[in-house]
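In what comes next, subunit A is part of two complexes: it sits with subunit B in the first one and with subunit C in the second one.
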Partner chain A sequence: MRALILLLLFTLSSLASETSLNLQVKIMEKVLNEISINKERIIWSDNKTICKSFKKSNLIQTTPDCKQATIIILQDKNNLPKECAHCIVFVLDYELLSKVPKSFGAFFWKKGRPNIVILKSRLKGLSIQASSALEPYLEEKIW
Partner chain B sequence: MKLLLLVSLISTFLFAKEILLDDLLSEYESSQSLYHKTKQESAGNLILFSRSELDRMQAYTLNDVLKTLRMFSLEATRTGMTNLTKSGSDQSSFNSVKLFINSHELNSATLGDALTQYGKMSLYFIDHIEVYQMGNSVVFGNEPGSMVIKLYTKEPSRENAASVQTSIDTRGSLTLRAIDAREFDEYSYLANFDVSKNNYKTYNAHGYNLSRDGQRGQVYAKFSKKESFDIEFGATKERYDAFSGLGDAPLHGHTDATNAYLQATRHFDDKLKFIISLSHEKLEVINRDAVAIPIADTPRPKQIDVGIGSHIISAILEKRFVHENNDLFVGAHIKHQKFDINEYKRDGINTSGSWGPTKRNIFMGYIENLYNINESNLITVGAKLDRYENVDAKSSTEHILRLGYVSLLDDRWTLKLFAMKSYVYPMFRQTTFSPYFNINPDLQSIKNRTYSAELIYKTKQNTISVSAGEGEAKNMIVFNPMLKRYVNKDGTNTFQRAYVRFEHNFDINNKITLEYFKIFQKKYVSSDQGGLIQLYNKIGKFDIYNELIYRSKYESAFGEKMAAGYDYTLGIIYPVNKKLDLKLKGENLLSKAHEVPLNGVDVPVMERRGLLTMEYTF
Partner chain C sequence: MVKAKEIFLFIMLFILGVFFIYIYFYIKQTQEEIFIKMQGNKIEDVSYILKNIEDALLSKNHILSKDDLISHLSNRKNRTNYEEMISLFITPSIKYIYLLCKDEDERFRFLLDASKEDKANFYQKFDVFNEEYALAYQTSKPQIIKQQEMQNLYLTYLYPIKSANEVIGVLSVDITSDIQSEILDLLRPLETFFVILIIFIFLLMLMTILQIFHYFITRKKIFTDPLTQIYNRNYLQEISPRLNLNHYSLAMIDLDHFKVVNDVYGHKAGDAILAKSSLIMKSSIRDNDILIRYGGEEFMLLLYNRDSKDDLSEIYERIRKNISSHIFTYEKNKIEMQVSIGVHEYPAKEKNLNEAIKVADKMLYIAKKEGRNRVICHKDNSKSIKNLNSKDIYFVKRAIEEDRVLCYYQPIYECKSGKIFKYEALVRIIDTDGKIIAPIQFLPELKHTNIHYKLTQRILFIIFDKFKNSCDNVSINMNFTDLINKDIETTLIDTFASNPSLASRVTIEVLESDEIQNTALFKEKVKLIHSYGATVSIDDFGSGYSNFKSILDIEADFLKIDGSLVKNIATNEKDFKVVKSIIAFAKDSNMKAIAEFVHSSEVYDKLLELGVEYMQGYFIAKPCERLLRESELFKG
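Let's look at the complex of A and B:
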């Protein structure tokens, strides 16, 4: 396997992917740590790679059972279990903000850049407080 | 220079701060850059322009990138176009640079060099650019070139937006660009539209006005199904004044160029693909002169009208076999080229002549193998066999052999060695048709060999590359002024080249690039040395870009002494809000950029100008 590393480096793939996943999780941790939800933060996600990486960094608790979660990180609306509708949701696709009423923020690509958007109106409705660090990412409504 | 140093020093002190969410997002963006998927370190000496760099450089046209390339100088031409000239040589020297959008080669069969025609191409739909110099890999297919420039289009899943951008400059030039790219389920599309009116200074030579003003329009569209197919369409139409034309007393002249292509790629799995493409090109030139236009025959006319074009059909099949430590790439390519000479008039009278071959089929087969000797050493072997079948003219078989070795000496040091034996096939205007000189259908290809070594030292913040190389060419194609046609020349021409490049990242948003190069050859008729300073800074919400391009003084082939060129560019971007960006750019601010003598006047590619751009994202 180690021998393959160089081959991959010089052909198609990139070693940056692992760093990239760590950064992706770091960004979400930073966002979730800047909100207060009056409960312990326990994460469930339909993206198992992200879930694994959260678990590895050990900053926020994760669970394999969404019923025990307090925050859901959602990639695909079809993967949201009905029994977990009580949780607040952070989405990985901007379009999902309008499709998932319990979503309060999104992490997505637009114009070639990763973006964070937190919806002010949803924060209020879902009784979430956001710290001043998230101020630059607050939006009044969905574009 | 002082200003640059000052900004550099200030930036060193300003940017030590705690990691903010914005910085994490920038780091994430960098780690996810699309070039990680496309760049091939083993394919040659690589110069990379990432999406973020192109944005911050405010690189609106391909020329904004080309002018920074080492070993070349971007120059204005007599006919109002631009040309990428090899350092030390002049514009008449043979220079085969290949230009690709994704896997499609932008052909300029009639001009031979795509860069003269695509220099003003808008980059609004381009994500990143890879430039491969010295010993390019055979996996790029097509006819070989001395340098390969790969433009990769934006990825719809990363865009999800429609944007418009408009620019106005201090000479009254106006540009409007629009792009829309989205992904829906497994399908995606990208559509780009661009129109521009380009104004330049009007020069006066012996009482005659030299104008190169022009208009340009381009469209590009791509429709894809994930892991299944891509359909791409691109078209450009351009009309520009002929500047001096070929004579010295221009009265009127312009060039009308139209290009269009359609390409379909079918991905059978991630290792097998089939590409079919159609290209069409039309070029109309009118050149009227008060005295005479210098052509091969007499009497010399005062006006010539030329209408030429080409049609190209191409099919490519490529397969990759990855097995343990081995990566084998195999490809086959068939290309049919047809040239049209629709009109050739001298002083309004149709003129016929015996032109060279107008139909050609090229059959190409290529193979490249990458093999890991062990975890730190990679060897690459490539070969390509090309059969040129000219209808009603001599055919020939050419070949390319390439060897490469890449070694990670330790965590910081990388060594790259390349050796390549290749060829350059003569161009349409040398073998088939030229309004200005005699054609030579019997021209044979140039045989060349290149050797290069590159040593790279990389830490988290610094990258230093040092490289040296040698090129030799046998059977050179040179212009014979007695016969007034291109001929093959006996003997061997050699040159050596060397460069050093240093990149320092102050942090994720602030970096500096310093580069110096030199060409060594017997005779110099253009700048033999050059340098580049690029400084990227972010101060508050402002993105600031400083660029200084140096080209050494030189004496032209006609004995004109030309001063050294210092092309200074300053760009500032200010995001007003999440939807609106304001951008200011000053080009050739010192008014000392590299110039060439054309018909008695010294002309840079771009005169000093200021540019205001607004970009709105929906």
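Let's look at the complex of A and C:
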């Protein structure tokens, strides 16, 4: 009986974390679909969990090789391979926006809430078009 | 069997289930009330803090508008001062305190963030999804956001900062759910226990429902005889504990000569007859009567007699008539059937149902003996039946022990010579009052009991003792089960071997009964008797158990025609023809025919006409304790 309760609790907690991750992936998927990069959206990420979740997406492809990717989702600056410097980057931390010049936007959790920031100037520099749906998240600069 | 026990269990489980659900929701409600109270206290505390912060921020710095506020806080030093001050209020339960303001695009931006972790930059955008932020601006009133599924945040309290009645910013406090989590963690085992208990109870309830459902599905099968589609003995067993015999009259019904149907037409025909007979019986009774297939071709009928306008004897008679008037057909064969019915009108007078069945069985036995196709009724006030009822196995046992068993002898008359050919020995018991008790009053009780064999042994002893030194012939009645009994066989063989003269004068009359299933064994025993010079007679031939072929195989010496056939030959053409056929069959098979139940001169004349060799009956002589002589015959 005890084992059953533990299993139940484990399943519930797994489901809760799964929900948070799914939400994050869905938001990013939406953001990435609202930008036009004139290329096929192929994602590489240093966060393998996110990468795995993106595999379920019908709209966005993933790749294990960053050279084949068109968009990089980056969690840690140190994980960005040099040979992939050509790719546009979407970061998972607000502070990374200033550290990674090729990054055009970020998804991050602030005070427990999901937050999105898209930098107008970077979009322009990278020739990325953002749809009006992203308007509320557009920022002139990094604060 | 599902009875009140299962229903009681189900109700108990249901009550328990409802009780535990109530307890579960009671705990949940109490938990909610605790949280609401805690929330109220916490918010009250926080609102005082925020008011103080507001005062410190606005009044000391002469901030009159949003721009003043932004301008004042855009200074890093000012910001740091305030953040350090506000951070003093950070506790394990107050996780974040920050000041937000709305920009021109209606987006919220951080002005201050006193959080020790996850700190935001000045004027960094903050995406909010709750309308309470906008409401705080619109209404100028504090707002509470109950957070759900957001890290470990429990509440967000929004406190609008006003200047000149205009909201210029919102102080936001995020309260963690740590204490609530602790309370929940403490209550969770209790909750889990109740949830598991409720699930367990509902599973048990489900199982009980399934069992009850299964019972009702299988009930019909359990209590119904598949062949006749009427109740079987399981049903009788089920209802007997609560059956009020005062409301019923009980009858045992037996299909006459049923074995003949099986032997002649096969068991399928027998089954068809049984099914159809049941249908006829069922259509002859009322809805509140209970018809049960008691076993084989025997049925038990419980006629409801309470407030009944129907004459119950008419119902029994109706059953008998309906069966006898119906022509049963099987594969183009037309078969006539009859029933014998033994009735106990007042079964409640007996100790229990089994005793009442025994009485009804005795009545059935009498009905069979008296020629079948009749209803014999046991009325409680019948004195003779009362006596009959008292003759049980112990009565016979005591009679044997106290040497009160004796034999009467009825002459068997040889028609051709006009002499007594032999005597049939008939058992009697003298009761303690000196009254002679007829075998019909005690033999049915003894069937298959050890006392029966003891009684047979005693009879053999009496007969052999009487006839050992005389020249008269004697006929001894035996059941097939007696004949195959080792002790009885030893008695016969020892006597025959030691007295061959006696053996040559003895005829063993074996009752034609359903027990003679093993014809080969019967034949073997007949050969054994023949080997000592004794003869064998088939008693009650035509009563329906044997067929002509098996009688031929047995190679008996005499064929005694059943009294029920003989007694009506003067008036019944069919019986006359049957008796005629049997006599002819006996002659052709080298057997001598004996007609019993010769009760009148008319029957006697008819039998003479048919050329029967031997006769016995009250018209010739009644059974007597002593051996009658020729001069004493035909004396009425």
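A few points about this structure:
We take it that the second predicted complex is superposed on the first by the 130 of 143 C-alpha atoms of A that agree within 3 Å, B and C clash if a C-alpha of one lies under 4 Å from a C-alpha of the other, contacts with A are read in each partner's own complex, and residues count from 1 in each chain.
In the analysis below, contacts are C-beta pairs under 8 Å (C-beta built on N, C-alpha and C of every residue); 3 or more make two chains touch, one makes a residue touch a chain.
The structure presented is a predicted model; accordingly, all values stated were derived computationally and were not measured.
Once the two complexes are laid over each other on the shared chain, residue contacts for A:K111 go to subunit B and to subunit C alike. Judged by the touch definition given at the top, the superposed model places A:Y94 against both subunit B and subunit C.
Looking at the superposed arrangement, the partner reaching more residues of subunit A, out of subunit B and subunit C, is B.
By the document's definition of touching, of the two partners only subunit B reaches A:Q24; subunit C does not. By the document's definition of touching, neither partner reaches A:S131: not subunit B, not subunit C. Common to the subunit B and subunit C interfaces on subunit A are residues 5, 16, 19-20, 94, 109-116, 136-137.
Of all residues in subunit C, those touching subunit A in their complex are 96, 98, 105, 107, 109, 115, 118, 120-129, 147, 149-153, 174, 192, 196. Subunit A meets subunit C in the complex at residues 1, 5, 16, 19-20, 94, 109-117, 136-137, 139, 143. Subunit B contributes residues 21-22, 24-25, 27-29, 31-32, 36-37, 40-42, 51, 55, 127, 154-155, 157-161, 163, 322, 324-327, 370, 372, 374-378, 406, 408, 617 to its touches with subunit A in the complex. Against subunit B, in their complex, subunit A makes its touches with residues 2-7, 9-14, 16-17, 19-20, 23-24, 26-27, 30-31, 94, 108-116, 133-134, 136-137.
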